[in-house]
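Got some structures for you, see below.
Two complexes come next, and they have one chain in common, chain A, joined by chain B in the first and chain C in the second.
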Partner chain A sequence: METTKNTRMYFGRPGNFYGFITFVVMIALTAYQIIMSYLVLKQEKDDFAKLLIFFVSYMFIEWIYFIVVGVIKNRQISLEIIAFALSSISLFITASINPSSALTQFASIVLGLFVFIFMIEFMKDTTRTSFMRMPMALAALGLLAITILLASYKNGAKNWIYIGGVSIQPSEFAKIAFVYVGAATLDKLQSTRSLTMYVLFAVACVGLLGLMSDFGAALIYFATFIIMAFMRSGDFRTIIMVCAAALIGGIIILTMRPYILTRFKTYRHIWEYIDEGGFQQTRSLIYAASGGFFGVGIGNGYLRDVFAASEDLVFCLVCEELGMLTGFLILITIALMALGTAYNARYSRSSFFTIASCAAAGMIIVQTSLNVFGVTDFIPMTGVTLPFISQGGSSMISCWGLLAFIKAADARTYGLSLSHTKERRQLR
Partner chain B sequence: METIVYNSFYLQAILFALLAVVLLICALSVFIKPAKRIIRASLVDAKSGHIFDISHAETSIGRSRSCDIVLEDISVSRFHAVLSMRSKSWMIFDTNSTGGVFVNGKRIDKKQDLKDGDRIKFGNTLEYIFYSTAVTTRKKKKTPVYNYREDFDDSDIDYNPRPSNSGYNSSYKNNINDTDENLDFKDFS
Partner chain C sequence: MRTVNKRIVFLVVIAIIFFVFVDILMFSMFSHSEEYAMNSKNSHLFSNGVLVNAGTIKDTNGVALASSKNGKRYYSSDSVVREAMLHALGDDKGYISGGVENTFRKELCGYNIVTGVTSTSNPTLYLTLDSQISADAYEKLGEHKGCIIVANYKTGKIIAMATSPSYDIYNVPDDIEDNEKYEGVYIDRIFKGLYTPGSTFKTVTSLAAIENISDIYDQTFTCNGSYKYDDGEIICMDTHGTLTFQQALNRSCNVAFAQIANEVGASKLESAFNESGLANSYETPDRITTQASSFGDIDKSSKSQVGWTGIGQYKTLVNPYAYLIYMCAIANGGTAYKPYYVDYSKTSGGRYLYQAQGVDSGVKINSDYAKQLKELMRSDVRDYYGDYMFGNVTMCGKSGTAQVEGQDNSNSLFVGFSYDDSFPYASVAVVENAGAGLKYAGQLTADIMNEIYNKSN
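So, the complex of A and B:
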């Protein structure tokens, strides 16, 4: 089968251009993290030693990954570097606002990295990957069902489970399973061209999320379902019918449970309820603008004192403390990552990875849009996190898991050659 | 009232510049720039010698025009089979066809591993020989009529041998006969 010799070489020979660029990028990232570490640590006297250990360990893990995967295994690690950079911003923000949560955030980043590595290795075998679709479907439904049974209401939604003092949001992990189930190899797509089973599965997931009152997550799942349904079948008629059914279902639910609408009463009226329902969004808009191009500096913002600043309002917090340009840079990076996924999907070694990567990228884009547009009052706030940036262990692990699908679709990940026929045999 | 000392403007600008270098370079390098086409395997018509070059890791075969390899035979189903490159070997999948898929004369159940030289038959069609590499023949290759999803444009293909210093062509040269003018092959250097 294909060997690694045909992949783009990064450190295969001295003076390799791509390898040099990757090394320069790692140096720049480390310099950024060293400066940010200094700025955070100089404001933290009580937790100085603990935070220093976290920051140094994090940079150490990055370099170990770079050396092992980028240099020794000779793989491209651009996606991982993006994830490391964005995750480090979340670590610095969390450490700055709430040092006691820095351990959880650091642990969740490390755990997310392990999930990423495990998924990449697991999906190396397409047959095994395809075989696990049914267990993953059961896992997704099981996670959501457990949440309904065991979770308690928090901030209007029933999506948190507490185990040993640690809060877990199973619907975040179910995202990985949801994408996994929706993707399929070409032989499966050609054998079973009907979408019925997948539609039923998606309806069950979205319905369970609706029962949890987690409408933000339900919207993300629904959008991902549309992407995957289109990629699997290309059947516009079915998709339009499903969207129409979803709209009718939503209207019926709102008719039966009108109190749901009260959650959105401040939408487009945040300045009228400036000290009530619109408190978070008005402060977010004011402080985000006050940051200017380059921000007031980490730890110097006012928005950090507002509830959920490092979770739902993190985009505006980044704009205030790190600058509006940094905020938009993050959005552009996520958008380019999604575009790159769509562009690379055609070269993937299986339609499973093509569909999964596009779905994962779509999920990240939708989640980013819901967070940014919600906090800026373009749409009602739905309480979803900003991928890789928001504080939250479950969200961080889920983002790394989705990144694994994007990485797996890149043909270079598994040594699949992209140029030149390996050998040409002459028939006599 | 506590006075907040903001970080230096230049320090914040440097932080942004460093982050921009990291994120933009990595985001742009995600886009792959592969060569136009790579041949991963071949199906050769056992009778005529016509070659179907397999350039995708998963190739659909059937009577439908949306398939990668279109076989216009009434015994071939619209979506008859899938030829797939898996981690250990190539495999052929029978995707609920009516006429069945036969490998070396035996009808397969759902899927079958393939090895070099296996003879595959779709329904009542002629036999095709599977090779897990690209092949050439001594006969002049006919332009394939239905071979790929994309439109086949051979205007940029060089049918004459061309010396090259690349590692790939150095092994490639061992497989060709430079003195045989009837040979057709493609140089992907």
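So, the complex of A and C:
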């Protein structure tokens, strides 16, 4: 493989500023994190030592990654830097609001990073990737089925199970498998049978989530399915028909179970139910606005006292404490990440990576939309997390897993240059 | 592979749609941010719906009337000032609908989207009021319910106002809800009160007469203590004998004014009432909606009803604020600004968050008629009440003693203004259940006008 010149993104090539810029970004990120650490630690005297260890370790891990992957292996790591930056916000928020959960959050990010590295390594071998699609499908269904059996209701949805004192949300991990199975199935087999199998698999997943009353997740899965189905078929009519069928199905479910609607009765009426159904959304908007552009400072907000502040309401919590500019910067970053995915997906090694990366990026966008537009009352609130920012271990690991698909689609990840892939394609 | 590549555009479309909606959200949140932040559920600024973190309110002399410290709101240390300023500032429960702390919340908190609620440049809001003079006026009202309002008729700035009953925000009386003494305590009588005008209404009847009866100054009226119409009788306080128009106003002769009212006719009397601006409900610059006065639904063919209306003792009800506008208009040549008491709000950095501007009240009286009315009201004081009563102020005015059913004593009213342009103040005073107009409301006006005069010279 021709890895010598073109892939030397960092310090190898004179006149190439990527390396220098990445270094500067790392310095800036660390500076930001040091300031944030200081602001959090200033207020958390009781857990000072513990939190200090987490924060320092976190920054240490970032630099290790930069040195090993960025400098020694000479790879581009801008995607990881974005993920590190976003994840650190979740770590600071968790440490500030629930210091006792800081360990879980820290461990989840580290675990997520390992999942990310492992998946990239795993997908290096395309044959293995294809072979594993059936076990992955079973794993996804299994995870969801286990949830149905073992989970207890929490906040109106039955999506949490407890193992050895740790609460996990299997539907988050199943997201990775869902994307994987979809991309792998649609990549290799064009037969109607495989497509039917995949549709059945998707219906089963969405159906199980519906049974858990986790409508937010069901919607995310469904939207991801649509993206993958389009990537494969390219047929708008089919997509529209599927959407119409889903809509009709949804309406039928709602007619049979009208109580589901009561959840959404405050939608667009939150100020009328300011102390009832609209409590979370109104407080979110009030406090987001209170933060102004630059925020009231971490730890000085009031939204943190509202239920699910660091999870479902985290966007507005960021707006209040870190400022609306930070809040919207996060959203713009996520949008740009999706555009970057689309750009790199053109040069991926096979259509598996193209489909998987687009599905993963689409999933992140859909989930972000449900979270952010839900809490701000643009759409009904469905109670999903904000990728990378919300507190929650399962969600964090799943986000890093999805990120692996995006990363794997970038040919440079596997030491190939973009031009190399182009040439190879032209030879085909 | 290539076809799949083309379909990547789907993700691009999703990302762009997302981006567009993020922009819409940003626009929506930015444009509503002040409204959201000012919600009374915002614990940064409010505690149990009470504004606790806000700027300082100062009176025209720079005396602090309210300020915040460590999440608590502090008011004047003088309990009389606190009581006198209660309605102007607002209460901590939100029962009083006007009140700067409610209506000027935004200008008091100085929210701006860049700094959010962290604004270290807490603004200061200045009132046009002199809190000490207002407190003195409040004290002089004593146990009586009532109100007084004094404004500069050239600029509209209210310098003193007080309304009673009131209470101390630091020591809310336990029996506030059931003690008769506190009945209507949450109502600012100046803006929301309605009173039978009594003889002060003769200023309106006079306006109608000047406008509609060309030889009014040549006419004479004979008062024998009462005057009988087919359907009723007008009673006078005295037997005045033969009077000119001016003398009839000076001595407040009911018989003469009942005749004048009938000579003008009910419709034209009502037109004059409308022209005086008394009929209007005003949106004040201080964001208060005043109670509209009403001429009253009368039988316009009944001479006794028209007569009683002409002397302000029938169904007509007037609002003190509207009355003040009428007085300002007479004093000011026919037009007047809406009186206001919030002057400006400024951040410590010197940025203005609010600056009052003169808002025309819409009242337009012919300047010649206004001038005649001014001279007539001047003669009330000069020729009848006596200038000695008003000390240094060259006063114009009209007293009123309005009988109110179910009250032991009459309501005492006095409306007037300074004749001298260099001391341009107009006033309206009502002392409820007190007695003669001049004795109570007139004296109150005289005292306050002189206090203002002495302070400004």
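Everything that follows uses one rule, which is that the second predicted complex is superposed on the first by the 398 of 428 C-alpha atoms of A that agree within 3 Å, B and C clash if a C-alpha of one lies under 4 Å from a C-alpha of the other, contacts with A are read in each partner's own complex, and residues count from 1 in each chain.
Please note the rule applied: contacts are C-beta pairs under 8 Å (C-beta built on N, C-alpha and C of every residue); 3 or more make two chains touch, one makes a residue touch a chain.
Everything numeric here is computed off the predicted structure, so don't read it as measured data.
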Partner chain in contact with A:Ala361 - chain B first, chain C second, else both or neither: second
Contacts of A:Gly295 with chain B and chain C, given as first, second, both or neither: both
First, second, both or neither for A:Ile82, with chain B first and chain C second: first
Touched chain A residues, chain B compared with chain C: B
Contacts of A:Phe230 with chain B and chain C, given as first, second, both or neither: second
Touched partner set for A:Ser350, first chain B, second chain C, both or neither: both
Partner chain in contact with A:Phe328 - chain B first, chain C second, else both or neither: second
Chain B versus chain C as contact partner of A:Ala411, first or second or both or neither: first
Partner chain(s) touched by A:Ala95 [first = chain B, second = chain C, both, neither]: neither
Doubly contacted chain A residues - partners chain C and chain B: 293-297, 300, 323, 332, 339, 341, 350-351, 425, 428
Complex contacts: residues of chain C adjacent to chain A: 1, 3-12, 14-15, 18-19, 21-22, 24-26, 28-30, 32-37, 39, 41-44, 112-118
Complex contact set, residues of chain A against chain B: 1-2, 6, 18, 21, 25, 28-29, 31-32, 35-36, 39, 76, 78-79, 81-82, 85, 124-127, 185-187, 190-191, 193, 293-298, 300, 322-323, 325-326, 329-330, 332-333, 336-337, 339-341, 343-344, 347-351, 410-412, 414, 416-428
Chain B to chain A touching residues, read off their complex: 4-7, 9, 11-16, 18-32, 34-35, 38-40, 44, 49, 57-58, 60, 62, 79, 82, 84-89, 93, 95-96, 111, 131, 133-138, 166, 168, 171-172, 175-177, 183, 185-186, 188-189
Residues on chain A engaged by chain C in the complex (per definition of touch): 227, 230-232, 234, 274-275, 282-283, 285-297, 300, 302, 319-320, 323-324, 328, 331-332, 334-335, 338-339, 341-342, 345-346, 350-351, 354-355, 358, 361-362, 365-366, 368-369, 372-373, 376, 378, 425, 428
